[in-house]
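Please find the structures below.
In the two complexes that follow, chain A is the common piece, with chain B as its partner first and chain C second.
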Partner chain A sequence: MQLIRLALKNIRGSGFRSLAIFLAVMSVAAFLVSITLIIAGAQYSLDSGLKRLGADILVVPEGAETKVETALLMGKPTEVWMPRDNLQKVASIPGVEAASPQIFLASMYNSPCCSVSEMFIVVYDPATDFTLSPWLEKNLGRSLALGEVIGGTYIFVPAGSEYVRLYGYDMTLKGNLESTGTGIDQTLFMALDTAQAMEQVSATAAMEEIYINPDDISAIMVRVAPGVDAHRVAIQIGKDVTGVVPIESPKLFGAFRNQMNGLLWGFFAITVIVWAVAMGLIGLVFSMAANERRREMAVLRALGGTRNFIFRSVLSEAILLALSGAVAGIAVAASSLYLFKDLIAGSLKMPFLFPSIPSFIVLFSAIVALAIVTVTLSALIPALRLSRQELAIAMRE
Partner chain B sequence: MNRIFGITLIVLALAIAVVPQFTDCYSQGSVLTLASGSTQPMKCHWTAQAEIAVGVPLVGVGAMLALSRRKGTAGSLSIMGIVLGAMAIALPFSLIGTCAAPTHLCNTAMKPALTALGSLAIVASLGAMVVARRAKD
Partner chain C sequence: MLSFHDVTKEFRLDEANTITPVHNVDLKIERGEFIVIMGRSGTGKTTLLNLAAGLVRPTSGRVMIDNVDLAAMTDRQISSLRSDKIGFIFQFPSLLPSLTVKDNVSLPAIFRNGQGSKGIDQRASGLIGMLGLAEKMNVYPKQLSAGEQKRVVIARSLINSPELVLADEPTSDLDSRTEREVMDIMRDVNLKGVTFLIVTHSLDLVAFATRAFEMEGGSLKELR
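Our next item is the complex of A and B:
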């Protein structure tokens, strides 16, 4: 306790030096937290999106892979088509437990009747669906009726209205899916019968008519049977069905993942360099301080302070500065990221979901520990020098 | 110490008044087009305007805090700072609000910026209050 009190008094006594060390640790910790949270947030968002998608393999028309990935990742409306016959071909492949078609539609951009300016519409088939049905059973206790829809977190009913109106057709929003940080958040899901009703109404009530070809679908969601290798099934789909590309769930958003890994290593290298430079500077500041404090420490020794006490008091000072700097840096970075997460995700054009509390606590502890260890190491040599100095020589100076 | 808190409040107050003018949807050219064909700014624009009415008095509070010598005055001014900081946050959240679409700039930039600036104004005012109380004792 006495040691901490002495360290606190020393910190207060040399305000500028302490502030410089505090700010250095704070800046580096804030930088490290920001980078880690952005990368981890994107990863977490992708994983949540894949979990929401709920399929082992996604079958899309050949050449439309990037379009579909962008639609699912950023919610960019897209229209891709392939013959409905492909569904039967995919479903008959050994190892395929379930196959369900989806139709991708686009809402009118910035339409006053839409709840968000750019909305991705996915039409599913309730008879074969296995991706949304479990959620509906759990939350609604039934499947969607005619005129009912569910949406991502960004889908809402416009103020003053009871319905989501699309193409002149009023639909009831029955619920919102959990946030994923991906394009699924701005996706509206409707059953096939609702989409057909919307198509009929659009002919007379919409500014722009919508047409859904009954012989076309956009994608096929595939679930493989338990114990069957999804990779083999995907290869078989590629061989047996022409004009389609099977994308295995872990490989979805592959280009984005590669880009993110590149960023991760780049930022990691920068962080290591910044951290090393900051720690070198902190070590230098402690060395200069040690030279200035030779007499002060000699007086402390003359008053009965042991070498060990001197050594520990200098290290306590370093640990307190590292701890407070790291905590302040993490707090500033985490709160800024939390507040501006949508702006950052939008500017970087990447999905983002704030990591879960347990993983944030792990990150918090790791960075605090790293700050304490490195700052303590920086102060180790000056602390040793101060504690081992000859009392008489130091007093004479 | 009052001078530091006062100058901090002035900087925060200026940001509270100025930042929304460049981050509301009207500044980005987004307006509502009525059936009559005329255009109307969306409600985030009125929040941005109201923030001027919060920022300007907060500049005054900061200036007076920086110049005040009496501990009692500093205490009262810091209460004003806390109230105005809270108002800066309340305007986009409940008093007027922002656009309904979460992807609009008013929701991604203006609202979080006002939350951060208002919170910092409250923290700075609380700091001034604590310092004023300690000095009294």
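Our next item is the complex of A and C:
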């Protein structure tokens, strides 16, 4: 029977005490994992969304920044307009390598196509587009033909149909983009010619006609030339083109990021307090256990156990409880978040995408390590006291 | 084997008061002896056993096992000596409640190097069988009677094949029939060459001894 086996048997033999420590570690680990995953998930989601947008600068009509950010972040449709002339003005600014217009539309309320009541539609211009075209080239090997669309993860063809019907116009869903956890997942992308065909059909086939003004666009996606400072280009756009706001990609969703940072610090403070309280409680449980086990440990010493063995024995129990509690806490929190991620993201009004596997591993390892260090520190003084106690006195108690 | 040379042990109660449970004890125990030290409660018997096992250090004098002074040993050395050479039978219930009978008996073996788990297992089973508890191998201490627990403690004291067994009131709380059984077992083990030092308040055990002493006021007086 080795040290670990003895520790396991002692843990099993002290059911209530072990359960109390296990539950304390599990709760704190679950809390910490939940908070970290929600924050990291939102961050990862934002990063994936930005990567999906694929532009260095997003130019939107002045005053429409929040609407556009909300549309991209949460998939809430918006219709904002600015003169198409702005495209030429932006494209001619030094440092701009590519500029492509987009038109934002919304589906009719409760269209059968969609998982949401109103769907955000992004119309792009294949002639100048540099955001979706690489994805299409890679996944379809060609650009979209007339009547073809692609969608975010949550866009689907209704059961019993082969098409996505919008404004009375049937379109073929040619593929779904990878999940980003943002509003892009609930967005439908179509080329300009398809949007125009949909507009024509809507005049006769739709309950509500859609109108796309050929002189207006909703946003301009800008890619700056390699080595050019995007910030300088954005400033220049702001100066040269009136009635628009250039949003640099890293600053997109800035308000949300600030809100998230505030939440992060709040959660962090709560976590530190909860962790400190748990550490104190676990230390107390170990101290009480140490008092109960004075004679038991004295017997082990009399049977040949060294001080070091007693010390390691108590710490082994602590480490095993911390390890099992942390793993259970992580498993409970991660599986709950995975199962209820849409509900949680919806109620917190933040995007969410499960972090990548390597990020998971790093996070989980960090939390397990933190739990082990914390519980070990809590058990350190009781372990030292037990290993250095007066044996004759302990055996008489 | 074991010798006490003018050993005194004092415990300081507070600034002004000390007690001296062991006072100028001289005793030499040879290999294979079966020594019984008799005395009333509080006369220093348990302290004498603790001194013999190196669990407490003498205030003055020397306790030696195989001519080695226990006071000169480090914690690791003395722990090693206890696991290699000494078996302990405690007065109080000393079985670990979370371990089965077999695991309790095997427990001291984890402190001794060079023993394979298979060998420990076989030896523990053999000892448990020898003490008539084969069918109770996998039960927990709380499921045993006081006499059965005492027998498990004896089996545990023998797992590392000790040269010396220190027994503190080994028959307390036992009925006379079980007391007899326990003493017979210890005598049988003694006949195989294991030295016994038993402290007790029961005069009946003196009959089993090769030499017997009475302890009073911390001092020893040979009875026979």
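Throughout what follows, the second predicted complex is superposed on the first by the 391 of 397 C-alpha atoms of A that agree within 3 Å, B and C clash if a C-alpha of one lies under 4 Å from a C-alpha of the other, contacts with A are read in each partner's own complex, and residues count from 1 in each chain.
Following the convention adopted for this analysis, a contact is a pair of C-beta atoms (placed from the backbone, for glycine too) under 8 Å apart; a residue touches a chain by one contact, two chains touch by 3 or more.
These numbers were taken from a predicted model, which means no experiment stands behind them.
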item: Chain B versus chain C as contact partner of A:R307, first or second or both or neither; value: second
item: Which of chain B and chain C A:E296 touches, first, second, both or neither; value: second
item: Partner chain(s) touched by A:R12 [first = chain B, second = chain C, both, neither]; value: second
item: First (chain B), second (chain C), both or neither touched by A:I357; value: neither
item: Comparison of chain B and chain C by chain A residues contacted; value: C
item: In the complex with chain C, residue positions of chain A that touch it; value: 1-3, 6, 9-10, 12-14, 295-296, 299-309, 390-392, 395-396
item: Footprint of chain B on chain A - complex, ascending; value: 112, 115-117, 154, 156, 158-159, 186, 335-336, 339-340, 342-343, 346
item: Residues of chain B that touch chain A when the two form their complex; value: 33, 100-103, 107-109, 112-113, 115-116
item: Chain A partner contacts - residues on chain C that touch it in the complex; value: 46-47, 50, 53, 55-56, 75-76, 79-80, 82-84, 88, 90, 92, 94, 96-99, 103, 106-112, 117, 120, 156, 160
